[in-house]
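Listed after this line are the structures, all set down as structure tokens.
Both complexes below contain chain A, partnered by chain B and then by chain C.
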Partner chain A sequence: MELLVSIIVLGTTYALLAAGIVIVYKASRVVNFAHGELAIVGAYVFYSVAIMMPGHSLPLTIAVTAIVSVIFGVIVYFALMRSLLGQPTFVAAMVTIGVAIIFKAAIVVVWQSKSVGVNLGRQILYTYPGGGRLTAVDLITVIAGVLFFAAMFGFFGYTRLGRQFRGAAENPLLASQRQVNVNLILALAWGTAVFAASLAGVLFGSRSMLSPQSTIIGLSGLTAALVGGLDSLRGAIIGGMLVATATFITARLIDPALSEAVPFAILLVVMCWRPWGLFGTPEELNRV
Partner chain B sequence: MTTQPAQTDPLLDVRQLEVVYNHVATAVQGVSIEVRRGDIVTMIGTNGSGKTTTLRAISGFLPAEDVAITDGTIVFDKTSIVGTMPHLISRRGIVLVPERSKLFETLTVQENLHFNLTRQRREIRDKVLGYFPRLAERQSQVAGYLSGGEKQMLAIGMALMCEPKLLLVDELSLGLAPIVTHEIMTILQTINRDLGLAMLIVEQNAAAALGVASFGYVLEGGRVVFKGPAATLMQHQDIKEFYLGGGEGKSRSYRDLRQYARKRRWWG
Partner chain C sequence: MAAGSPYLRVSYAETNRIFPEPYQRVVVTAALVALLAVPFFGSGYLLHLMNLTFLAVIGAVGLNLLTGYCGQVSLGHASFMAIGAFVTAILTNLYAAPFWLAVPASCIIGAAVGFVVGLPALRFRGIYLAITTLAMHYAIIFILTTYQAKFGSSATAGISIPAPVIGSWQIEGGRSWYYVLLLTGVATVLFGLNLSRSYVGRAWVAIRDRDIAAASVGINVTRFKLLAFVTSAALAALAGSLGAYFSGVVTVEAYTLELAILYLAMIIVGGMGSIAGSVLGAVFMTLLPFWIEHGFDMLPPNWRLGSTSYGLQEAAIGIVIILFLLFEPKGLIEIYRRIALYFERWPFRYRELSPAERR
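Up next, the complex of A and B:
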């Protein structure tokens, strides 16, 4: 039971990370290697905003960080990615690696690599018979994840903008000829992705201390996204849960040191068996 | 050669258009075309004659495409639209039904049709389903699995949902059975009459296009080599020979044909 809850909580964080990668990939066929950095910077921003806000008001901090992260994403798109439209996508992927380096440097420069934690609520809601604890953060993580994915599925499935988003992802020229401003759609994709990244980063930071090394969670997110299928939101959830399950079970049953490697072993297996991911579209493969 | 009657204010006025791909390949050279309000105009010509490029130039290029209008003017509704982004051109009222990838294949029929749905456009949606009742039966199907004719109907329906003032249709007959082509052409004619919607139709199937159009242009090698009212074009000896199939009944010898080939070059 306790293990299951831990898996779901960590899986949600990974799924949120993967979702951001999937959204950007879907819209622009660019694999964003800066996702972990964006997530941790988001968490640091949250930490700083919390200090600045009057009375450390939590709702206010959440609102400000959310807005800042979306604006961040839009800026990244317009400043860096927009000029790469029409270029081979690996060029854009290389640029995201550059973005990753810049953001990692930003953590060092702006926050002096300080090890900080984010407090979303550490109250213990329930103590398991074995001694483990269910904290408020765990509950918040799952609720945030469910809300985010419900919002995304609702948006893509049932709104006009969501339809236009999916259309623009499939055929930007046709979408453009159907009155859709493709640039705005892509900016929206980046805004949403960075928002999801920050959300994941904050949730991560509320459970363990943040440092420049934390950006490694981007790899877990990427693994989850690849396992689930780079162009599938459903895949992001399943991928995140799978990676979390593998990590926990190995740590619990075999060796904690090995748990870091197991997700990549799963990735390897999935890549050999279904290179497009569990829920991805096979046709996507030749675009990567 | 017949000239188009003088007029004060054409809806679309393309003059001396020149389009170059990759900075080197000139696809269209000095093409001038006019479409009046409420008219159906057609461009006919063989493969590579510049018809599609002309339509694409009118509907706008994305910055990522390596193609540019290097000369000439395109005036739509009294405003120049050269260098305008495609989404702005389509918002102004020029909507293209492209030759291929004309719909979002991963979306359902309904999602395609509702791509530009707003409260005010519900009436148009109902009209579209009236013109193409078959789309109503296929609403929940994924658009990529439709038949060629149904795809074309959906593509036209989607274009109508953008509230066009000028509909550009590229190679409607491509991959369609003649009877389906005829059916859709007839519906286009009905739409033209009902809504007063002007259309510019590009076709290789000259007979089908000239059947519904009032005016036609013949393109060859990126130039307009002939233009005139559709009825005149249909009667024209050379056009019958080269585009409609069959001359005056009796077959000609190859030596005569060669003469015509030379004559075609002179037109440019």
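Up next, the complex of A and C:
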């Protein structure tokens, strides 16, 4: 029971990370290697905003961080990605790697690589018979994940803009000829993705300390996205849960040191066995 | 030799020459003489910088053969260098292998690892391959970390390597290293130049531009892709092995993903698919942190905040990658080509047509 809750909590964080990668990939065929960095910078922004806000008001902090991260995403799109449309995917991926380096360096310059934690509420809600604890953060993580994915599925399935989004993802040229504002859609994709990244980063930072090294969670997110399929939002949830399960089971049953190797071990297995992931489209491979 | 226009080529041998223009031969000879003379008047600091640059040149040429010529993106180059360094460390420490044996052995093991890492390239292109090599990087580094923790002198100190000896000559100190690395660097560049104009290099370019078309004109895509990985990994292992000897200690912490990205940055900055470009890029990216450091020293003291300088050095790599990809995607070598073309055509103006005009 305790293990199951831990898996679900960690899996939600991974799924949120994967969702950001999937949304950007779906919209623009760009694999975002900067996702872990964006997540951790988002968490650091949250930490700083929380200090600056009068009375450390939580709702205000959340709102400001959300706005800042969406703006980050939109800036990344308009400043860099827009001019790379139609270029080989390698170029766009290299640019995201450049973004990753800059954001990681920003943690060093702006926050002096300080090891900080984010406080979302550490109240203990329930103590298991074994001594493990269910904290408020765990509950918040799951609620936030469910809300985010519900919002995403609702958006893509039932709103006009969401349908336009899927159209633009499928065929940008045809979509733009049908009066779809592809620029707006791509900017929206980046904004949403960075928002999801920040959310995951804040949730991650509320359970363990943040440092420039935490950006490695981007790799877990990428693995989760690939396991589920790079172009499938549904796959992101399953992928996140699978990666979290594998990590926890390795840590508990085999060797804690080995659990660090789990994300890239899964990555290699998936790439050899089913590179398009569980729910992805196989034709994707021919397009890259 | 046909008289008249210097641009007139009458045989394939002439177009295939490494340095087709007479002035290029003069410049290259002069540069080599100058490089040979540097240790006689250069300071120890300068020699150290140049040694680092030569090491970077070896690695960058290797990566450019793979990524620039054959079009296979590799994020695993740091792990190849780590393999070279660790094989050298193991051979010298456990088997007391001499320099002339340890270095080629590292190259061969590196090539073998490159073969394995290259296998997924038969199935994937572009970004999927990059992700696979990324996973391979972490896997190799994880194995080496475990090894270092178990067999190194301590978990963090790494493995030390004695100074190499050739015959009775002990290579120690900046000056003797300078000649060893200069020789290896020049040999690597010549190797790269010759390989890139041979049928191997042409096959790689064909695979890069369109692998299906390459296969249909009779190029064995499987073989040449693997050959690119093997060659590139061997050169990276060579750089890693020499670098391990040069620094005298091997730690797995030195071979991060950032190092692999730094090498990618070198070939992007210098110019993809150009050996001369890899040299330019290696020089540029090796010296960049030192330029930033010097720039910082000129600032008023109260502006130099803690780790800001270090952070900016890191950020500079990212900024340079982005700026070059956005504004000069063919790299520094393209700037040189434009200038050379201007003087070659002078007094006539020559402007490349934009894609819209070319249609």
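To be clear about the criterion, the second predicted complex is superposed on the first by the 288 of 288 C-alpha atoms of A that agree within 3 Å, B and C clash if a C-alpha of one lies under 4 Å from a C-alpha of the other, contacts with A are read in each partner's own complex, and residues count from 1 in each chain.
What we mean here is this: a residue touches a chain if its C-beta (ideal position, glycine included) is under 8 Å from a C-beta of that chain, and two chains touch if they have at least 3 such contacts.
No experiment lies behind these values; they were computed from the predicted model shown.
A.B. asks: Contact-wise, after the overlay, does A:Gly86 reach chain B, chain C, both or neither (first, second, both, neither)?
C.D. replies: first
A.B. asks: For the three-chain arrangement built by superposition, which of chain B and chain C touches the greater number of chain A residues?
C.D. replies: C
A.B. asks: After superposition on the shared chain, which partner residues are touched by A:Leu161: those of chain B (first), chain C (second), both, or neither?
C.D. replies: Neither chain B nor chain C is touched by A:Leu161.
A.B. asks: Quick one: classify A:Glu170 as touching chain B (first), chain C (second), both or neither.
C.D. replies: first
A.B. asks: Applying the document's definition of touch, where does A:Gln179 land relative to chain B and chain C: first, second, both, or neither?
C.D. replies: A:Gln179: touches chain B, not chain C.
A.B. asks: Return the residues of chain A at which the contacts from chain B and from chain C coincide.
C.D. replies: Touching chain B and chain C on chain A: no residues.
A.B. asks: Considering only the defined contacts, which chain C positions touch chain A in the complex?
C.D. replies: Chain C reaches chain A through residues 73, 120, 123-128, 130-132, 134-136, 138-139, 142, 146, 258, 261, 264, 268, 305-308, 310-312, 314-315, 317-319, 321-322, 325-326, 329.
A.B. asks: Which residues of chain A touch chain C in their complex?
C.D. replies: 31, 80, 83-84, 88-91, 93-95, 97-102, 104-106, 108-109, 112-113, 219, 222, 226, 257, 260-261, 263-265, 267-268, 271-272, 275, 285, 288
A.B. asks: If we count contacts the way the header does, which residues on chain A are in touch with chain B in the complex?
C.D. replies: Checking each residue of chain A against chain B gives 85-87, 160, 163-164, 166-167, 170-182.
A.B. asks: So in the complex, the part of chain B that touches chain A is made up of which residues?
C.D. replies: Interface residues on chain B, with respect to chain A: 59-60, 62-66, 85-87, 90-91, 95-96, 98, 101-107, 111-112, 114-118, 158-159, 162.
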